Amino acid sequence: MTADDPLLSVQGVGKRYGARWACRDVGFDLWPGEVLAIVGESGSGKSTLLNLLALRTPLDEGAVHYALRADGSTPGGLHDLATLSEARRRLLARTDWGFVEQNPREGLRMAVSAGANVAERLMVLGQEHYGRLRGQAMDWMQRVELDGHRIDEHPTQFSGGMQQRLQIARNLVTQPRLVFMDEPTSGLDVSVQARLLDLLRSLTQNLGLACIVVTHDLAVARLLAQRMLVMKDGSVVEAGLTDRVLDDPQHPYTQLLVSSVLTP
Amino acid sequence: MNHGHSPAPADALRLRASSLDKVFVLHHQHGAQLPVFAGLHLQVAAGECVALTGPSGCGKSTLMRCLYGNYAPSGGRVEVLHQGQWLDLHRAAPRQVIAARRHSLGHVTQFLRAIPRVPTLDLVAEPLCRLGVDETRAREQARALLDRLNVPQRLWSLPPATFSGGEQQRVNVARGFIAAQPVLLLDEPTASLDERNRQVVVDLILQARARGAALVGIFHDAEVRQAVSTRSFELGAAKSPTFRSPAHV
Amino acid sequence: MNTDTVSTTGAAPAAQPALSADSDYNFAFLDEQTKRHMRRALLKAVAVPGYQVPFGSREMPLPYGWGTGGIQVTASIIGSRDVLKVIDQGADGTVNAVNIRRFFARMTGVRTTTATAEATLLQTRHRIPETPLREGQILVYQVPQPEPLYRLEPRRAQTAQLHALAEYGLMSVRLYEDIAHLGAIARTYDYPVRVNGRYVMSPSPIPKFDNPKMHLNPALQLFGAGREKRLYAVPPYTPVESLAFEDHPFEVQRWDHACALCGASDSFLDEVIVDDAGRRLFVCSDSDHCQTRQQAGHTGTAVNQQGSQP
């Protein structure tokens, strides 16, 4: 693998439900540290695409390649993810990748303490020192601006915005290189959204995370992402530098989207 | 200031636009086409400050945005010298444009695209941090620059959203100048500034020129334009009297 | 015909003379096909230590919850030259132990015993004998719930996948939670173990005190769960580690007392209330161990007291 290889390489991926293609012929490369926003309205196929890329849904066409870290059994470099064993893929999802769910309740264990939620991935990887696990959990809670003293409370005792932060900490504790986010701020109050976006922005920059963020909110795309894909009816209609796509939209649908946004 | 110029030696060039066309196509106004300019050539060398001139609506801002990679040309190309190579801003991959903007192509606009709730000092230090400069040093330089621009210290820990127009503009200027890129684009850098601060900005521009930066600017203030530019570049009159840039988010 | 008794007044006879089996039944009750099926399953279990092998649990003459799994395992491997010991909570004389021993005596005619050292095949509910086992002995455990993750993940399909992928984070989370909320890991019985460094297993509801006995034990350990239809095995000399954290290591229970009958200070003690005044004694749970020590001359505090022995 050369220094200039992409982290993720997507070629012609598609998913079909019966005769209808929810998402068709999508391709792009993502480099380390790049944040890509996938925007579109309901039915555009953006969530389907995210699930395909994160290996949650099987592909009906195309391939996804990822630059695995070299370990005992696999050499480094781009690997077709379809060739990985189930065990390897699950390990990937827990270590080098993160997935921030739209609803934090789906991305957390609600019946278990905040600390256990954050430290779980470390335990799965074999860390066995309670004191150190707890210390790392507390450290990450603070990095997402949660009070570390609440480490033994259950997520049910946190507000929605805080649950989302907890979910982010839970994903980042293994220092993944790629994080998928599905509408990470929707459903939250506006002021809470704003603070969360700030956090995401600074985390992605400081940690050099590559992210794929699905959102219907163009302002979120502008704030977080350097690149954008605009989707309509399962296809990518426009792609490029975020500020270029938003300030000088070329495709009719993009122009419609951009001009439809209300500004207070 | 001279209106004509002798072509600069090739190795001094930092930014060039070749056969640049720009036409806006408004698909939702029945495909209405709004031509802005066509066949435009511009070359900017180290030490130059080119003032874009022409009547209102002639496309100065549009050209500026094309030079920054913010607008896509309809024809021709824009290239910036980045790490010894010419980079076509519109055909390059987004990450290359981002890298070019960090290292080689700076930008001061009229509108502070304020990232909400980030304190002024951090906003100004950010372009240096992105270049890998140590955070402490970056903040030190940010303080120095804000000081020079007479932004009161009590404002440094506050986000600029509530500042006056003039204060916001000075934060903009600081953020635009701090990384000292070899090419700088300045869109009305002295808008909303009083005389004292206009002078500070003039000094900053002259300093940049002196260190070999290539600058392109839109200066409505004739005095400022006279003081900083080495030549002017005139864009033609508007093709349509109702021309306006499309609304953007 | 019943000649199977355990004396309550003194030392029990170590081994009973062999009986003739009841000829109305197949040897050991199960038909030969079933025994073959069970043995195949047992071999598979031995080949993959700690892995739960499904088996076709048969109708037994006692309901689920009374040891049908253990009985089926014993029935498939017992031979006419075996010497069988059955204990329940460490004692040979409780109702269940007596009934199961009588059952096998009648179904096989093999010799039975209460002496751990003399038995070749031992069936147990909820304890491991104190007397160390040796090569050639087989210990069969009765197991109610074979799945160690059951309380955390009740879905069988999910736990099967977790075991297959060795994803035991959920168990670590449970232990972490115990320490976070209670200061220590709360389990005192059925304490999960890792077998041969691979599968996490439920050792059956033995007290955690007994867990260390499983480690590198020279005997073959077999586990049967009749209602859940799973069996598993720990071959001789297999590493068995109780799960814990580095800084909260596994610890066994300790008592401040010694056995009131034999004076043993290192065996698992039961607390027994001896009279209406609520007077209590601590005695060895393993009756054979206690009696053997007494026969060898060891005594405890209760023997010196006036009045009845418990």
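The first chain written gets the first letter, and so on, giving A, B and C; residue counts start at 1 in each chain.
Just so we're on the same page, contacts are C-beta pairs under 8 Å (C-beta built on N, C-alpha and C of every residue); 3 or more make two chains touch, one makes a residue touch a chain.
Keep in mind that this is a model prediction, so the values were computed, not measured.
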Chain pair bearing the highest count of C-beta contacts: A-B
Centrality ranking, top chain (CA atoms only): A
Most distant chain from chain A by Cα centroid: C
Centre-of-Cα separation between chain C and chain B, whole angstrom: 80
Inter-centroid spacing, chain C versus chain A (mean Cα positions, whole Å): 49
Intercentroid distance (Cα basis), chain B paired with chain A, Å: 33
Residues on chain B engaged by chain A in the complex (per definition of touch): 25-28, 65, 69-72, 94-95, 97-98, 115-118, 130, 246-249
Chain C-touching residues of chain A, taken from the complex the two chains share: 86-87, 90, 109, 112-113, 115-116, 119-121, 123-124, 128-131, 133-134, 151-152
Residues of chain A touching chain B in the complex: 31, 34, 194-195, 197-198, 201, 205, 218-219, 222-223, 226-227, 240-244, 246-252, 255-256, 258-259, 261, 263
Chain C - residues contacting chain A, complex: 165, 167-169, 172-173, 176-177, 179-181, 244-248
